[in-house]
Structures are given as structure tokens and as C-alpha cells.
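Listed after this line are the structures, all set down as C-alpha cells.
Shared between the two complexes below is subunit A, which pairs with subunit B and subunit C, respectively.
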Partner chain A sequence: MPLANLLTNAFTYSNMLVLMALGLTFSYITLKVPNFAQGDFIAVGAYVAYTSYVLWDIHPYLTIPLSFHVSGAISLLMFLFVFSPLSKRGFKLTELMIAYFAAEMIIRSALLIYTDYMQSSLSKYFSNILIPVGQVEIGGYEISSPLLASFILLLTILVSFLIILKYTKLGIALRAVIQNPELGRVYGVNVEKMYAISWFLAGGITGMTGPVILTFFPTDPNIGWTFLIRIFAASIVGGIDSMLGAVIGGYFVGMSEVLGIYVLSQPPIGLQPVYRVVIPFVLMIAALLIMPRGIASKLEGISFRRERK
Partner chain B sequence: MEAPVLRTEDLNAGYGKMHILFDITLAFPEKKVTVIVGPNGSGKSTLLKTIFGLAKVISGKIYLKTQEITSKPPHDIAKMGIAYLPQTQNIFENLSVQENLKMAAYTLSKEEASAKVEEVLSIFPLLRAYMKQKAGKLSGGERQMLATAMALMRSPEILMFDEPTAALSPKISHQLINIIRDLNTKKEKTIILVEQNAKLALEISDYAVIMGSGRVTYKGEGRKLLEDPELGALYLGLRARQQ
Partner chain C sequence: MSILGIADPLRFIFDIGGFFIIYSMLSISMNLDYGFAGIPNLGKVMYFAVGAIVTGSLSLRIISEISGIPLGDFVTQNISYSITAGNWLSHHPIEAVGISLSLIGLSSLISGFVGILSSLPAIRLKETYLAITLLVSGELVRVISSYYAPLVGGTVGAHVPDFFSWVGVGRIHDLFLLAYLAAFMVASYIASRLLVMSPFGRIMRAHRDNEEALMSLGKDPVYVRGSTLFVSSAIAGAAGSLYAIYSGNVNAGDFVPDKTFILSLIIVIGGMANVNGPLVGSLIYIVIDRVVRQAKFFLNVPFDVNYLSIGIMGVILLLFFFFRPKGILPEKPIVIARNKKLKNVSE
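So, the complex of A and B:
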């Protein structure tokens, strides 16, 4: 594989992973329970795009906003009908995690039923799908469309998040409530509403990667499940309680996986590329052992010292 | 006695399955300073939290004027005219001082908020130097000033302070108590003040409540406790010496 191709793959993949990890981090820092269905939002987003493509011939990238809203809505429903009622009855981390596993299975099964139904009624493939979108030419260079799309998407999300979180009343209230929900209530913030907004955003951000994944990776209803371990690895390596951590972890894990499996698949090792998922898994275990709060926690230490000058 | 602006009726409350407050019947007089004292763990903070909707009511009722507010969500109570300074975790540590003040003005309009920021900064000028600093990096006393400044941002009719002078130097404590007194005498606010420093607080009090083991053990005129050595010794350990 020529170097340019390898790097294109690595960057596209990492950009996507950053977005997925941002979604997980965002849902985790609000409710402090990891959402095991986070990966399924990718599949939901991808099938929103694929359905629009098959039925109305819409370019997958044009359905990104729709994918955002549909996955966001499912995430919001999980908050309203899984988290809220259970936590009101006093259930804690373990029970909630089991409930999320159940929700994950429900979402994935629903997708499987949906794709089976569509496949038989439309006589079109709905599994193992990939929409090739080719390349675009910019200033004489051929750039892969998924790379460009993933890059623009990531940049847009990061910039809008920074602006929202730093400068808007909603953003400041979100950050406030994440740190100290009770005090938020004291000052008149409807904390449940803030959580609902966060969960909508969390599902939406991960879901928007679906249409891009669809043009980059063979997709089926189980893709979310296969990505889940990678999303967790990215979030944990970076630091699950920090947005910066998701960015760092996404790149670290994404690059390691793509470049790592390339190196490992060459002679003399000659590892089969299907084992690539082992890399994020190993990185996650290593992070938990060596640096349980993630890379971002170390960086915060540095900036802390700088601010004190 | 003045008409009560806030009242509890046979209030029993706690956290989860824990029963902390027992049969609290209190009437907080309007536009007066009520001081609540009592040993550690006697339920003073829990009483304020219960009024504000942050603890679980087991039975009994809470009224704001004629309206029942029992078990209303705190974000509604915040909008109904009660401000509350919690005893602990009373600032947003991950936000800057400026953002903390903005959050304290969450229910206010932009114009009201910026006018109020100026007002509270003139009370705590020290905070001006830290506006862009993360609140989590303030010292104990500075945190308390910020927390109090935040509680003063909205100026509803009723202000509840849970140990505002904790962590403050004696000089600043005095200043703060005077500020609280002024809120009452000049701005006619109803004040509910929980204080460890009973002597300091009772000096500005009209009405006093003493709590012990989740119950009200004394309610009456505040300054009487200071003036009557027997009462003072009995309830507060003021001038109570081993004989």
C-alpha cells in the first residue's frame, strides 16, 4: 500500500474515531454511566444515509444532518426512557450499565430487522454495504472524499463545540451542571433538561459519522458493536472525562490501529488484518494500567503550571 | 410577631431512606433575620436543603407565603424568590470566576446580570483580579467570597445562607455579617442564616432557632440568647464553664 493511501486511511479513520469518542465522552461526563449503545449510533447514522441513497438517490454526505438528528433522537429516548426512570428509582452504575446493554441489543436488533425487511422488499443489499464516492481534486491534488468529509465534519464539530461551550449561556450551563449539578439547580438550571440536551448531542455527533463510514468501510447493522471497543479505547486512552481527551485518544488509537496493523501485517510477522481490533484493545488495557485518567490529565497538569506563572 | 413569609409544618425529611429532620414546625418572620444554630450534624443544612427542594420530604409541608412549595424542583424554587448559599460545593470549580457569576445570574436578563456583577464586585473587590481564573484554584476564603457573591447575584426577597463566614478571616467575617445585616435593614430582605459563630450571628438576629439531633430545641427572640446567661449557657455553651 503506498504511503499516501496508508495515511489517507489512517487520518480518515482517526477523524471518525475522534467524533465517536467525543460523543461517548459527552454522554459519559453528564451522567457518569458509559453508554454501551454509543457505537450503534454509527450504524443508525449509516442506515439513514443508505436508505436515503437507495430510495431517493441522495448523496450520503447530504444526509449527515439527518443522521445527526435521528441518532440524537434515539440517544435522547434512551435518556428519557432508560436512564431517567431507572435513576429515579435509585438504581446505580451496575444496573444502569446492564440496562444500556439491553438498550444496545434492542437498537441493534431493530436495525437487523429493518435491514432484513428492506433487503427483501426492495431486493437491494442492505448488509455489507459501501458507497464509493471517489476523490475530489483540490489545487491539483487528488484527495479522497471520505478524508475531506471527515476532516470538515470534525473541524465543524470542534469549532462549534468550542464556541458553544465557551461563549453561550447554554454551553456555560452545560459545563456547570456537568461539574456540580446540585449547584446548577440552586441557580435555577433545569438539570434534567441539560442532560437531555447533552445526550441528544452525544448521540448526534456519533451518528453523523455513519454516512462517512458508509463511504469508507463496509457497513452492516453490527458495525456499532464492532466499533464500541475502539470508541472506548479512544475515550479511555485520551481521558474519558475530557473533550480534549477524546481528540487526543481518537488520534492516538486510530493512528496506532491503522499504521500498527500495516506494520504487523508485513513480513516477518504477517499478522492477518482481521486482528486489527486487538490494537485498540491492548492500548485500552495499557492505559487503564498505566494512566487510568488518560493522556489529557497529564496535559492539564502542564497547562496548570503555566497558568500559575 | 410579623407574618411569616416562609413556614414549615411538621416537616420530616432526609436523604434516600435516611430520616434526618423530625417534626420541624417553624415560621420565618418576614423582613427579619432568623439565625439557626446547633451542633454539627444537627440538621441545619438539611433544613435549608429541604426548603430549597434538594432533600427528600417524608411528610409535612412547606409554604412560601400562601403557596405550598413542598417538593417543588429546586430550579422552580430558585425562580420563586429564594436565594440559597450552600455550605459546601458552592462554586463551579471548573468555570472561571466570571462564568460562575454568570451562572449565578442564570435566571436574570443580560442587563440585570451585568449590573449585578458590578454590584457584588464592589462588595468583594478582591474577586476582580481573578475574573478569568478557574474558580477551583481560589483559596478557601476567596472561594467563600465568590460563593457569597453568587448568592447575592439574584436579590430575591428571601436569602438563605449556610455558614457564609466559614473559612473567612475574622475581619472579613465581620464585614460579611454587616453586609447581610444591611441586606435586611436597608433592602428589607428576609434572611435565614445558619452560623457556627453563634455570637457573631445572634448580634444581628431578630429570631433564633436552635437545632439538636434533627429537631428544633429552641425558637424565640435571638438576642435574648445572648443577654440571658442561663439560656445562652444551656443552648449554646456561651460562657458555660465547668464549675
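So, the complex of A and C:
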């Protein structure tokens, strides 16, 4: 049934985008600069899963926690050794963006070398990879595994974040630092530590999507750039500095892209599906012109936004 | 004769020379935007791509119109037609120079207008959002032009005929081509120097340093951004056109955001907001890049050395940020000495 397939695709894709946009939000709220390396954590997560699959035959979804920690650790190292020192030296936004770009290239270069090396030493494909996982049967319905996995992942993340941010001391400190670093410092919160946690989460959440992406979308070390446009679009449409915005934006952009290109590729217009990247781009430009702070900024009092001048 | 795995040293110098000229022009353009006017132009590769795409898609079509030799289907015929066109150009030197000059002019004009167009979102957008918009626009140009085959042949690319086939073949031909490219580089260098030293150059630096102060003096920042982007994008467009003529092939897939990053690297190495910075930076970048590429003849590693080059460039940039953030040639106050008295005061 084509409609069921279409919806499966749209939901899996949107769930992934929500998680990626959530990752971007966590790194954005610290230094107020969007991280270009965000897309590469998807590739890091995917290759962690693929390596375990090839070497030890482990199901990709079982390596999700490992992907979370590996990409989170890389993100944390980037923050501690590159961005935190640079921002303390008074580097401006654009310079920080160029530094992000440099970090992105270092990660991508390492991934490309790693895949090339593994491919030649194991003589197995390490580029353009996809692990088919098939379907699971629940109550007489066949549900695609990536869809189920992405829903479970998204719900777990959202619920645990709501609990952590609302009811734990750590969560309250994190929110305080995001809303007003100076006041947080006055109350004795270790701002630097909170930023480091935020960066770990930023890398980790995006990296978690890697194993799911691996079972859903052909993956190679350059996949970061493929998704980066969509991540930025989702974040900006929803509101880059809000977690609620990531959820709204991820769904809005993901659904518009998958359903939109389906409609546009039908007979009356007959656009080729390769042009689907135009949809998130147009949405992003429209959002920037109409409401640069995103949909979430219109929903006052719900999101944990930092008030800016 | 073989030095360090280089079969023909003259050919090697020719290769380096061409890329040096193109990268210098692009980084001069980047320096005007980012170094002097403070516009975070992370989509610089877009203007380069526009120049190359205009030249790649129009060169054979224009020659077909003028020479009267039918082109046929552009996508499938452009490889064989570029040889036919090259033969025709070898007997028509005046047409060859005329067509190439007008292609370069047209490319740089179109690219300049794309520059003005992309300054429009800047009216409302702050630094980060503007940078994202420009970066994403560059990616969009790359994706669309590499899928839309009639433009520049899609993923296969489009060929550009040899505009210097009338000079002859071999070294004299290469020398002529290089001199032709160098003339444009010198022109853009002089243009950037004059622009920076002019009153408008002062406004550009004021725009970078303090936009509010600029506005309080009655200058319009939107106008400053628009004009700066027009000039810089025109230079980048000319570089794109020259690249197409020099390499004889345009592949839209080549215009990846990495190129923009390399240009930022070049101006960070050379020295931001220093007119000579781009030249020094380009030279250093090209030397490092070629050394890494030559290294594959000595190193026996189980991966593509070009991948290593990407990472090395990232590391170099971070090292410069940490240890020499002002680059090799730091920005100097520009002294315009109209008379001797003023010069003495400044000394």
C-alpha cells in the first residue's frame, strides 16, 4: 500500500530530524553559534553501529547506547579543547563558525580515512551502506522496524528530558544556565560544567540517530552535509534555541519534505524526486523572513528560551 | 626527468600557477567580504560556481551560434563538440579572445547580481543566520545544477573549448593561458587595493567594526553590504569563469562548501583585512596541498591521501586560531599619504 509506505517514510524521517534538531539546539544554546559538525555525528553514530555489525554481527539498534556515548564524547572533546578556549579568548561568532567548520573537516577526514582503511583491510563495503532490518508484527499489523525504533528512541529521549529538566537539580541548573548564565553563576552553578554536559548531549542525541539512519537511508561519511541543510531548516523553522521548537520544526520540515515531494512528483507537476532538498530550503528562507525566531517563539511560556535583546 | 614524483616540472609549475591565480582571486573576494566589511560570507563557493556554470553552459552554445556549426544535444554532444569548437577557434583568434572576454565579463556580472540578491536577506538577518543562509544557498546551487543536466551537463559535467588553440600547442600555449589568467588576477588585486584605500574602503571597515556608529554618520549599512557583495562576487564570478576556461571542464558537483572553508583558511593564514594576505595565504595553501598530494608517492598507506589533506587543513586552521589569530601579515592601519606632511605625521 503506497500510502502506508509514504507515511512510514515521513514519520521515520521526521522523528530522526527532531532528534538531530534537538542535538543542534543543545550545542546552540551554549555559545549561540550553530555547529556545522552536527551532521557528522550522524555518520559517527552510523559507523559505530556498522563496525559492530560487520565485526561482531551485532544488530544496529543494540549499538544505539554506544553510538550515543562515542559521538557525545567527540562532541565533548571538541568543546573542551577547541571551542571553550576559543570563546574565552574572545573569538567572535563568525570566527567560531569557521572553527566549527574546521572541526567538521577533521571529523569527516578521520571518518573517510577510517572507512577507506576498513574497506581495504576487511574487503567489505564501508561506503553507501544500508542494513535492511525488515518489519515487525504488532497486533496483526506489519510495522517497519526503523519507524518503530525511531518512535521509541524519540519518546525515550523526550520523556527522560522532561523528567530530568523538570525534577532534577541538574536539569534545573541546566535550564538556569541556558536562560541566564550570569545569574546561574551567581547562584553557584558551574556554568562551564553545564555547557560541557550540554555539548555531550548535543553530540550524543545526534549520534543516536546514526544506527537508525543506517537501516533507513544509504549512509556514507559525507552524510553529515546531506542532513545539515535539513537540520538547520528544522531548527530555524521551529526556533533554534528551544527544545519544543526542535520537535515542531523537525516534524514540520520532515513531513513537508516527504509528503511535499510526493505531491510535486505526481503527474500535474512531475518534478524529479532529487529536488526534494529545495523544500527544507524554501521553508527555512520563509521562516527567516517571516519569523526568524521560529514557531516556538510564538508559543510563549512553554519553551525554555533565553530572553535576548 | 623526475623530481619528487613530478614527471614534468614545467607542467607542475603551470598547474600550481593556475590554481594559485584562481585561489588568489577567490580569497581576495573573501577578504573584501569577511576581512574588510565583516560580512560572514560562508557561501563564497556559490559565486565561484555561478561564474563557472555561466561559462560552462554558454561557451559552446555561443560558439555554435557564431561559427554556424550545429551543436545538437548539449548534454550528450558537449565533449565531442568542445574539440570541434577548439579546432574552429584555432583559425579564429579574434573570435576566441572576444568570446572568452565576453564570457568572463558576463559571468562576473551575473555573479555580481547574485551577490546583490544575497545581500537582501542580510537586511533583516543577524550574523549567524546570514551565514547559514549563504552556506545553504551555496549547497542549493550545487545540488540543483548537478541534477539539472541541460545547464552544465549534470553529474557528468560540461566541457569548455580551448580558447588558446590558435597560439599553438605545448609550452607556449600554457604560457599564454597562464598570462591571460594572471592579467585578471593582477587586475582584481589592484581593484581590491584601490577599493580598500578609497573612502568606501573606510566605510567597509566601519561597517565591520561598528554598524551603529556607521548608521549614526548617515551611512546605510544595507547599501554597504550590497555594494561590497557586488564587487566581491564579481571577482569570484570572474575566477569561476577563468577556472572553467583553464580546466576545460565544469562539474557542478565540485563546488562543495569545503572550498569556502579553504578560502577562510587562506585569509586566516595570510592575514585578515590585509590586501597582501590572500596572495601569501594562497601560496602557502597550495604548497601544503601539493606536498600532501605528492606524499602519496612516498607513503604507502591503505587510504586515499586526499582525505588526509582535508583533516590537515582543519588542524592548520585551528593552530592558526590558537597561536597566530592575526595571520602571517596582520592588518595594518592604511595610510593614504597625499602629501609629505601627512606622511611625516604618520611616521
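By our rule, the second predicted complex is superposed on the first by the 299 of 309 C-alpha atoms of A that agree within 3 Å, B and C clash if a C-alpha of one lies under 4 Å from a C-alpha of the other, contacts with A are read in each partner's own complex, and residues count from 1 in each chain.
Note that in this section a contact is a pair of C-beta atoms (placed from the backbone, for glycine too) under 8 Å apart; a residue touches a chain by one contact, two chains touch by 3 or more.
Model, not experiment: these values are computed from the prediction.
Student: With both structures fitted on chain A, tell me whether subunit B or subunit C touches more of subunit A's residues.
Tutor: C
Student: Which partner does A:189 reach: the first (subunit B), the second (subunit C), both, or neither?
Tutor: The first partner, subunit B, only.
Student: Once the structures are superposed on A, label A:105 by its partner contacts, choosing first (subunit B), second (subunit C), both or neither.
Tutor: second
Student: Kindly classify A:3 by the partners it touches after superposition: subunit B alone (first), subunit C alone (second), both, or neither?
Tutor: The answer is neither, since A:3 touches no partner chain.
Student: Output check: A:138 vs subunit B and subunit C. Expected answer is one of first, second, both, neither. What do you get?
Tutor: Neither partner.
Student: Just subunit B (first), just subunit C (second), both, or neither: which does A:269 touch?
Tutor: Touch partners of A:269: none, neither subunit B nor subunit C.
Student: In the overlay, answer first, second, both or neither for which of subunit B and subunit C A:290 touches.
Tutor: In the superposition, A:290 contacts neither subunit B nor subunit C.
Student: Touching subunit A in the complex: which residues of subunit B?
Tutor: For this pair, the touching residues of subunit B are 16, 52-54, 73-75, 78-79, 84, 86, 89-95, 99, 102-104, 106-107, 133-134, 137, 150, 154.
Student: Would you mind writing out the residues of subunit A in touch with subunit B in their complex?
Tutor: 90, 169, 172-173, 175-176, 178-180, 182-191, 307
Student: So in the complex, which bits of subunit A are touching subunit C?
Tutor: For this pair, the touching residues of subunit A are 32-34, 36, 82, 85-86, 89, 91, 93-95, 97-99, 101-106, 108-110, 112-113, 116-117, 120-121, 225, 229, 232-233, 236, 272, 274-275, 277-278, 281, 284-285, 288-289, 292.
Student: Over in the complex, which subunit C residues touch subunit A? Could you list them?
Tutor: Touch residues, subunit C against subunit A: 34, 38, 40, 42, 121, 124-125, 127-129, 131-133, 135-137, 139-140, 143-144, 147, 256-258, 261, 264-265, 268, 302-304, 307-315, 317-318, 321-322, 325.
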